[in-house]
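Letters A, B, C and D name the chains as they come in the text, with residue numbers starting at 1 for each one.
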Amino acid sequence: MSLSLGWFAPLLVAPLAPYSGEASDAAVAAPLVAPAAAAPAASPATSPAGIGGAPRWGTAAEPAPRLAIVVSKVMTVAENDAVVDNAVILVKDGRIEKVGRQSEVAIPEGYQVIDGKGLWAVPGFVDCHDHVGGGLSDLNDGVYLSNPGLDSLHTIDPENENVRNALAGGVTTVLVIPGSGNNMSGFGTIIKTWGRSIDDVVVRSPGSLKIAQSGNPERYWYGIGRSFMNWNTRDTLLRAKKYHSAWKAFEEGRGAKPEYSPYFHGFRGLIDKKFPVTVHTQIYQVVAETIQMLHDELGLWTVLDHSEFDACELGAETAKRDMFVIVGPRSIHYDRRDRRIAGLCAEWLRTGNGKQKLGVNTDAPVLPQENLPLQATYAVRFGLPRERGLPALSRVPAQALGIFDRVGSLEAGKDADIALWTGDPVDPSSACLFTVVNGRIAYDSKTMGRRY
Amino acid sequence: MLAIPLLAAFAIASGPPPAASLRQPAPVALRVDGVVQPDGSLGAGGWIVVRNGRIESLGGAAPPAGAATFEFPGGIACAGMVDVATSLGAAGQLAEPARAFTPDVAAADAFEPDHSSFLAAARSGVTTVALTPSGDNIVGGRLALLRTRDDHGRGAVLVGPGPLRFTWSDEAFPGDRVPTSRMGALPRLRELLAQDATKTAGASLVAVQTPDQIRTALDAFSAAGRSIALLQPIHPEDALDLLPGRAQAVVLGAYDLDTPERETRLPKLLAERAVPVAFTANGDGAALRLTAALAVRSGLDPKAARLALTAVPARLLGADGDAGTLEAGKRADLVVYGGDPLDLAAKIHLVLVGGAAVAKKETP
Amino acid sequence: MILAPMILVQSFLAPGALALAAVHAADSVPADPSAQKLRADALVLQAAEVHVGDGTVFKPGLVILLDGKVVAAGQSLPLPAGANVIDCGNAVITPGLVDAACQLGTSALFGSAEQGSEVIPQLDMWDALDLYSKDFERLVADGVTTVFITGEASSVISAKGTAVKTGGPIGERRVAVKPIVKATLGPESSQRGAGNRSPSRFGGVNYTARRPTTRMGSAWVFRKAFHDAIAFRDAGKPSNDGLEPDAMRALADVLAGKTALRMQVREALDFYTSVKLADEFGLSFTYEYATEAAQCIDLLVARKLPVIFGPVRTTDSTFEQFEAAQPALDTARLLAEKGVPFCLTASDASGEGGLPRQAGVAIRNGLDRARALRAVTSDPAAMVGLEGRVGRLAPGLDADLVVWNGMPFDDTAKPVLVLIHGRPVLDLQGKFRKENS
Amino acid sequence: MVLSSLLAASLLAATTALGDSAAVRGGTILQPDGTRIEKGIVVIEDGKVTAVGGPETPIPAAATVLEADGKVVFPGMILAHTQVGLDIPNENMPIAPFVNVYDSIEPNSAEYEECLRTGITTVHAIQGNNTVIGGLSRIIRPQGDMVEYMTVRPDYALKISITPRNGFNRMTQLAELRRAFADLKAHVDAVAERRYEEEQKKKEEKVLVLPDEAAKQGLAHVTIDDLDARWRTLWRASKGEIPLFVHCDRAMDVSNGIAWLREAKLLEKAVFVVGTEAHKAAGALKQAGRPVILSGALVHKETDPLTGKESEVFVPKVFADAGLPFVLQPNGFAFNADGLLWYQAARCVREGVARDVALKSVTQWAADAIGMGDTLGSIAPGKWGNVAILSGDPLDQATVVEKLLLEGRLAYDRATDRRLKELATGQELAAPSAEAAPTAAPAAPAAPAAPATEPPAAPPAGGGSGSGK
């Protein structure tokens, strides 16, 4: 039996699947209900720390299905940019088991076959800059400039509609960060865009530290300038470093046990480079300051997160430091000196950031989360070489956040975050029809209705 | 007719007079037809002898030898009126609104002795007033006890620190400073009430409005063993039963067309529960008498009404040793009315403050 | 509707003036020598049904009251000679209802909240109560006789709650309870309140001067406060953001289990945060409101966390601006089925949204009727540690009871007589008679 | 790929390499003191001037020669006290010695571009006057991609204002100033006391002393790292390690300022930044013997309160007549008529100030005021090769900067100043073709040899920007 999957391609469903064409109710229900979270241990996407060993909310867990996704083309977006035509992707236990040509990979027994003939499979996209994973009212705790201790983990709502919409754009991983109303607004959380509970969706917590060096905090505070804001941010981080080294000394048996500080303990992972600082940083001077202060002076793992306006003139500096530059939500910059519209990605590339370190973001809700692929479309429209479009959506941001071992490409062993598109996602006429997150069918335009 | 000899006989408390007339060593005797007794009732008249600013005797049949004598046919002598809550001469300066608790602030620091309002108060029969911090603070500071005239014709601060003024109504919780609630204020209030430094003669004046404010204030002050006078409550009716034995008095007034009930019906209800009433009218004797008279018309016992103008407020201020009643030995703060002080038609014939007569007009 | 208690007591005890009362000779019950022990001023109420509150029902039943306490309840009891026996006819008698998380009776909703600090466990809601509030009269009319006034949600860690009777002499209202402090997670502590957090900055009070303004901030304030409390307890260290020593002492009592903790949580994600925070400090707690409890049922079952659930709102209210305005209607049934300890609360609602209505909605959505009664009487009493005092018609407990003119919580029934400490605080029938006589 | 040079063509291009050595030949070398060398030669090697002389001066074979026939060769001018290129130069907090202009400098600012265009080669970026104690300043070159590359001297001076900031009166201003130093002392004492105890713990024999004594003895052990970050700068300042730029708007502020500086024993570190009315205190300033920087408004207007008569005083003349060196600043940089430094100097001459005084006030004295008199301010062997090739006399209305050497490298060339051409002609110029732009510039040359006074803290000037910006 077959079900037509959207207007573009039929999706064949194997008889063994829980997806019987006759039982339309069941078919509708299946993608919603069946792929519920397995026990945390079985799901690589869940963080190890469960609470009381029980799922937080949602229905009881069931094992992830085994899938064989048959497509016309797989854009692996692996580092070798391999493309596999007429391919099959085997998914087991939430991970990619194998990617290969249909002629070379046999589909084992018990695998639910997803027929994506005519479709492209690409990795689920990664957005480094998302504010809709939690409540929009929870972004800016606008009383202090520096807010060590705040954590967007407490705002994550996995059932949030805004996040769920991301699936319709093939976006499966987002970094939920607090706003830029103050200089240091809290820790970000990397989540999958589909899951039943917080433990289900969290990829890494903290995912990053959010810093906005300037630009917005001035609006909340009267009469502060960059001198004070940067001093304050730097001072906080220097204290954190001092705190960290005292603890490190203690842990290595070189000193007395320092007093625990709830303010600074959260920074230890940052200073140990377990997670980066993602910086709301826009104009030239501020980006230069980020490079100088956060990267050079403080030695932090620094990811530029807006990288807009004339900051694109700093490409050589970021290249020299091997920094990732994630551009957005603005795609273009009007260059007054030369009176022209410059594509930001292209400019970064031109000024030196040529080492495949360019990504794009949405700053959702500034742009809807599901519109992330359009950011790459825009970048290409304004001069970014087309072949850099897909990496800018998946591999680069995944590498920037240090989660490329799990997401960002379609390779065996990685999380099964797969989106099936009608064509090249960078082409605006393409559409995402089917999205798998952690090996579970999270979006199926056929049964759940097309969101696009 | 009497004015000229009278002013000659008494120290004239109307401006800096010649030094020679400051004190009359010789006694002065006043003949009146009635005297308001310490219990508020109208008693028989007689001679009142004043010497060295104090009342030497009352009710004598004849003046002492050598005394200057003055007779007031039909006159009734009463203690000078006492007002516990005024801002005379210091309006607008009695608040330090930055903080909620200002126990160290003293209204005496805002006192302007030459302000004309003291003379006006004295002429209207008010001899003792308290300058009272306004209601901006939960603890607003100390009252200043004043004679409305001294020998130099100015207001004068009486000895000792006055009682504290508290505000427990919403006025003291403007919302832009801490604490913002009565709940949050209570720990600090209790702490302050436990300190000896905040203890004074007289009662703590507490401005309240609603029954529940009365309840919580009574609880807090009773627990600290403090005597409390409720200042100008608006709708205390539901909480009246809590008052006997715990509130020393309730201060009402002045009569106001906006809240007529408060000054008319309440005094009677309070009197039924044996809770004394004191009237206040910012040092305006005529308004004080009007308020008292209306309360009487609404059922308040005239005796209680007279005391509400004199003895009760004096006691609240801790000034009852010297003021509030006409008794031998007390300061000669007295007013001779042309009849019952509660009779609004009764004119004031004479006002003595500390034995000094208050001129009816400024001497040229 | 409410008459002064003193007047009512007189009218109630004067046989001729009684509402439903028909003075009975005690001949229906065999004389028993022990009955002689009861003084003649004992009061006996007789009705078609007497619900004890723990599930037991007597049909018909009797309740004997003396000196403000329940002496006994049963189907047939030895009656004291000459006792006042009031036959309530077809009425149903239940214990007075108990609300374990009431937010009424303060001078105004949230108006009495102390905004000077986010952390005020040293304060006591008793000091914020307006015992003269009309709210209490409305609660009595709902048949609610004991309420636990819980801390206000505008502070992250609010004041200690206080238990009061809803009627009777002002001086006898307070009911001693073990201290319970409430914390609030989610938007109510971060976005609500009178808006005064740090007035020193910006020269006044406004949105930007408040902290927290987000969920992240609420969680942080909670964590920071308990860390401060631990540092203060262990090393006498003062808080570096101005927490009062008394506040830290109060939190140390929470850590030591001397003071109970509640978490007001509405949305599912806040359940998650609450558990994370509690685990960090080894705290056990009770949920208050727990609007999205149905979504978190697995968590509740696994953690055995008691829930004071409600209210289900059927009318417009200010709460609707929040994301979790309306819980799943069958939450109470689900909680009962899953064995989660729970009771119902009407929070700040009375009348059409009040506690009887909350029980009625739960019954309509599948909760067993007897369980519903427990969920508004003995269960909430136990939640606030008053199981030995109120919530059941058991010997020695307070003589707080409600006479309903029909099946309790039916939409057609309402309390017609409410006693607190054996004294009537509501007597609709008596009033009716008076007006018509 | 569009590789344009759009930015390279604009003025902010990285300095163009001239090789390790350069020579300017054939121009009239004009020194601030008025001396001239016709057809002179300036040789710059490794960023420093190695020879200045007449046509006979030998030019090293390797040197790139810039011909300056008919031109005037003049030292680069100096902004000794400026907020040029700063974002929000005043923090809204009275005591902020811990902040640093480093964090506010906008390398991409058009104002730096304008500096080069008008012959300014050194800028002392310091915070504004609306403060009690402002933050640390920085001496920079007005060119570079990153602040590090621009830096000549980091963390140079501290701004102190004797004139009240907004909302303060003079009493408050001085009280706050004194209080800051008292608070500093309290903090240092507490640290010293703690350090004393720590030192005692290390010893076998412990000597217990009273707290005051402990603080005194412990002071020797206190290092800057022991202090809270907020106090470090002020501590250094209190010890005389940091120059103080003291803002005194009025004459009374000058006397207050001098009194306070004497009290704090810091007069020797002071540079006065004065307002127009302070000309009345010229005597006191002369006696103090410290550099004086004038405000951009050079005319003091006053109404006599008794006669109602208005009077105007040209302030530099007063100082010049008093024989007191002074430093000029532009009035509202670049955007006003008097927003140009050379114009301010020309005004001085117009109002009767000697020509050499006017020239020194924008070069040598300005260099002295920022403690770099030995390094900058004139064209002399050993000084840095900051040289402007002007089309004529520096004070002439028609004179323009044709080329500017910044430490021996070509930092500005009017011939390639595209924006200037647009401004001059009012016509948009086509973007330069991609072919014209270097696809990848060679690595920039090394920075000039680090000057003895203060090495640049960072990578080479010009910064190896791959394509230029």
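As a convention for this text, contacts are C-beta pairs under 8 Å (C-beta built on N, C-alpha and C of every residue); 3 or more make two chains touch, one makes a residue touch a chain.
All values derive from a computational prediction rather than experimental measurement.
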So the chain most remote from chain B by C-alpha centre is A
Round to the nearest whole Å and give the separation of the Cα centres of chain C and chain D. 72
Nearest whole angstrom, what separates the Cα centre of chain A from the Cα centre of chain B? 76
Once you find the CA centre of chain A and the CA centre of chain C, what distance in Å lies between them? 46
Spell out, as numbers or ranges, the residues of chain B touching 2 or more other chains. none
Residues of chain A that touch two or more other chains: which are they? 222
Every touching pair of chains is listed here as A-C, A-D, B-C
Mind listing the chain A positions that touch chain C in their complex? 51-58, 60, 134-135, 137-144, 147, 149-157, 159, 178, 186, 197-198, 220, 222, 259-260, 262
Which residues of chain A touch chain D in the complex? 214, 218, 222-231, 234-235, 238-239, 283-285, 288-289, 291-293, 296, 310, 313-317, 319-320, 335, 337-340, 346, 349-352, 383, 385
Provide the residue numbers of chain B that touch chain C in the complex, in ascending order. 175-184, 186-187, 210-212, 215-216, 238-239, 241-242
Under the definition above, what is the set of chain D residues touching chain A in their complex? 1-4, 6-7, 10, 87-93, 96, 98-109, 127, 135, 145-148, 229-230, 419, 428, 431, 463-467, 469
What residues of chain C sit close enough to touch chain A in their complex? 185, 187, 190-191, 197-198, 201-202, 207-220, 223-224, 227, 231, 267-273, 275-276, 279, 292, 295-299, 301-303, 323
